[in-house]
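Note that the chains take the letters A, B, C and D in the order they are written out, and that residue 1 is the start of every chain.
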Amino acid sequence: MIQKKFENIAKAVADIHDGATLLVGGFGGSGLPSHLIAALVEQGAKNLTVVSNNIGAVSDGVAALISNNQVKKIICSFPVGPHADDLIARLQNGAIELEISPQGTLAERIRAGGSGIPAFYTPTAAHTELGAGKETRVFNGRLHVLEYAITGDYAFIKGHRADRWGNLVYNKTQRNFNPVMATAARITIAEVDEIVEVGELDPENIATQSVYVHRLVKLVTLREEEVLANG
Amino acid sequence: MIQKKFENIAKAVADIHDGATLLVGGFGGSGLPSHLIAALVEQGAKNLTVVSNNIGAVSDGVAALISNNQVKKIICSFPVGPHADDLIARLQNGAIELEISPQGTLAERIRAGGSGIPAFYTPTAAHTELGAGKETRVFNGRLHVLEYAITGDYAFIKGHRADRWGNLVYNKTQRNFNPVMATAARITIAEVDEIVEVGELDPENIATQSVYVHRLVKLVTLREEEVLANG
Amino acid sequence: MVKDELKVGWSKIQLASRVAQDLEDGWFVNLGIGIPTLVADVIPEGREIILHSENGLLGLGPKPAPGEEDMDLVNAGKEPITLKPGGSFFSQSDSFAMIRGGHLDAAVLGAFQVSMYGDLASWKVPNDPLGRVGGAMDLTVGAKRVFLCMQHCTKKGESKIVEECTYPLTAPRCVDRIYTDLAVIDVTNDGLVVQELAPGVTFKYLQERTAAPLKDLADQLVKGESIQH
Amino acid sequence: MVKDELKVGWSKIQLASRVAQDLEDGWFVNLGIGIPTLVADVIPEGREIILHSENGLLGLGPKPAPGEEDMDLVNAGKEPITLKPGGSFFSQSDSFAMIRGGHLDAAVLGAFQVSMYGDLASWKVPNDPLGRVGGAMDLTVGAKRVFLCMQHCTKKGESKIVEECTYPLTAPRCVDRIYTDLAVIDVTNDGLVVQELAPGVTFKYLQERTAAPLKDLADQLVKGESIQH
């Protein structure tokens, strides 16, 4: 029987190795798998390459991994924000390498990674600093740059509801990068608010299909924590 | 106020010009916009380039346009079936040109067309007759072919329910090529079973967003036809 | 009354209203961070404009009432918003397929600099090791029309409209129209053509505050030149 | 009793069952048109195999009861099927992203020819102006394992297993294992290795009906050669 639920969030991230590439969903704090990030801070894997749209928007996002000196490279579109100080310091002393990818190119590179497309051409960033040094080609009279797929060893995503097969639905703009990152990692780990019986999710409305999710962690609510604490 | 509904199916297809490129959704008879096809047979536009997965699976699909001598070129993955005789005859006398694209490559070329990606690399069809003559390149030690985007002047799609903004939901495997084709045409025309009030469709479950649909035609049911006929 | 003499031109909300006036019924429009965000609040009544947010929604509605914010319902600036009936949610890859594929009628964006040729610089100041590109490059190459909505000059009083951008480009030759607190200016094959002056602004006043040559629409029309954009 | 002597090997449903036996709990599997489709009906009890259909669904269930067919719920062969609890619907582009992206554990496909190197020919007979490629090329490049499930010989009695394919290729070097009515054969770096013979089939009988050299698993193991696939 398929059962992707892990009872223990620490076990769900235990095998992440030093040097792994990690895709982290979310857009600012919305749809951010912050509990998985906290578990990875605890776990301590180092020299990570982290792919995530926003760095520094919130303190419990990728910024926490940076502050804990677990990151050697960042690929993102928006490396600024109120919690970017540690990133800036590490860029200045060369401890972290930064690759900025336009947001749509970043999303498309991850989709390509999940879809078996190794590279594609896009007009985005042609004639700009972010396109500089990249292979270019003219299609329909317009300059395009060649962009390469991104895949991860692991993806951390946040969903709203799941079933034990790994099907996921999201809540509103929580969706953002989560469905696309789910497709592009060898092991996708989802933290979710709720795990329901197989068959309860509407088959027309499953935004991430079971095939893409390998591990599930259900967030424990404050109420449940109280119950657990009180035995 | 946005109102994409056309009361008359003939008006919805009236401006399709000779030589137009037309994307036709459906997989066999499922999700096939057969009423729009019938309206175009009536309308008579000629020298069409038609992009559709199956040719000949059913008589009221693209086969009807072929039999009526409206097609000069077909791009598809599956040109056979019980209703492919007229296609075969026209291929033999040179009246129709056929381009076979593997099903996944076909879907991805259409997605690329709708997404502003002019070309991409895929491993599909490398080292085969369908990859012959195409530009190739090795990524990760594996040969890939360069495939180009497909766009249409018009797309015919079939949906289940719509609202006047043009949002669509589908019924089960009716979905197939319809959502991707909807993104890739200058004018997308959808035939649907039902048009509901704006706000009635679940915002988490809109498979084709309003931005992609330009004209809507509601299918008249047999019951409604009776009512119309009886005044 | 000296103070009033200094306050020529449009306020931020007036500027947003002026932009909104040009958005047509049924258009799909993306609003950038900053003054462009204000456009959402001043869409003329009776007009249906469907607003797109690049984090994955169509049908962005007004700000929620205090206390009704939902951190799972935010705009591209990560501020709480609402969804209009008819709205929809989708992923980032779908959102940028929509943008890059040319499906948005207009993007209304801020700018650091814009050149007389419509080159836009909006994501990075020179020598900044970071930069904040977000979706700006995708929007400028993808939207059918790129409208800028910005203060005419920087806080230091420098013109944001220049002959050539000195800041890193977001995209070349992409801006169609510039709305500032002082004027509405089209980027045309004939150069920058002033379509409209804000209250109290003269052509001379505007040209003095603009580091690129401007043409007066009236002159252009008298000369019978074609205005294209 | 002559008739019985001729009927060595597995029936179609026995062949499908033999394939099903090797599909592991939790696998995502695509079944091609023809005999592979039968595999859906013979999954061992207690094992959850999630079947994929390239027209856009995961969780394909058994055929519907007569009278309960829904033409909006069909498989890749356009036949009515059902959806299991936990199943989902998605578009063709999403379906082939799943296939091409390497997310399916196995594809079980039919074949015209397969070479001793694992080259597959399954979409076109030589000189046919048409061909029926469908999703075959995408599945063969994308699935983690490609299993063939076919009659060992054509109706004319010719071996479908050959040294080099003479039919147009679907993909080179893609087949991992061949299930026929006569045997289960692995495509390895050491050539075709017979893993299992169907009832009544001897190695000699099989080799006589196979137009490529076969190796016997027992011999291989005795010789201590490594079997890889």
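Operating definition for what follows: a contact is a pair of C-beta atoms (placed from the backbone, for glycine too) under 8 Å apart; a residue touches a chain by one contact, two chains touch by 3 or more.
Keep in mind it's a predicted model, so treat the numbers as computed, not measured.
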Any chain that touches chain C and chain A: B
Higher-contact pair (C-beta pairs counted), B-D versus A-D: B-D
Inter-chain centre distance, chain A versus chain B - centres from mean C-alpha coordinates, in Å: 34
Between chain D and chain C, distance of the C-alpha-averaged centres to the nearest whole Å: 57
Centroid spacing, where centroids are CA-atom means, of chain A and chain D in whole angstrom: 36
Interface hub residues of chain C, defined as touching at least two other chains: 83, 89-90, 96-97, 99-100, 141-142
Chain A: positions in contact with at least two other chains: 108, 111, 115-117, 122-123, 170, 172, 203-204, 207
Interchain contacts (touch definition) - all pairs: A-B, A-C, A-D, B-C, B-D
List of chain B residues in touch with chain A within their complex: 108, 112, 115-123, 139-140, 144, 169-170, 172, 202-205, 207
Residue numbers on chain C that touch chain A, as the complex places them: 53-57, 70-74, 78, 83, 89-93, 95-97, 99-100, 124, 129-138, 141-142, 168-172
Residues on chain B engaged by chain C in the complex (per definition of touch): 1-2, 111, 113-117, 163, 165, 167, 183-184, 198-199, 201, 203-204, 206, 209-212
Residue numbers on chain B that touch chain D, as the complex places them: 27-31, 53, 57, 77-80, 84, 88, 91-92, 98, 100, 102-105, 107-108, 110-111, 122-130, 170-180, 207
Touch list for chain C against partner chain B, complex: 25-26, 28, 46, 48, 50, 52, 58-59, 83, 85-90, 94, 96-104, 141-142
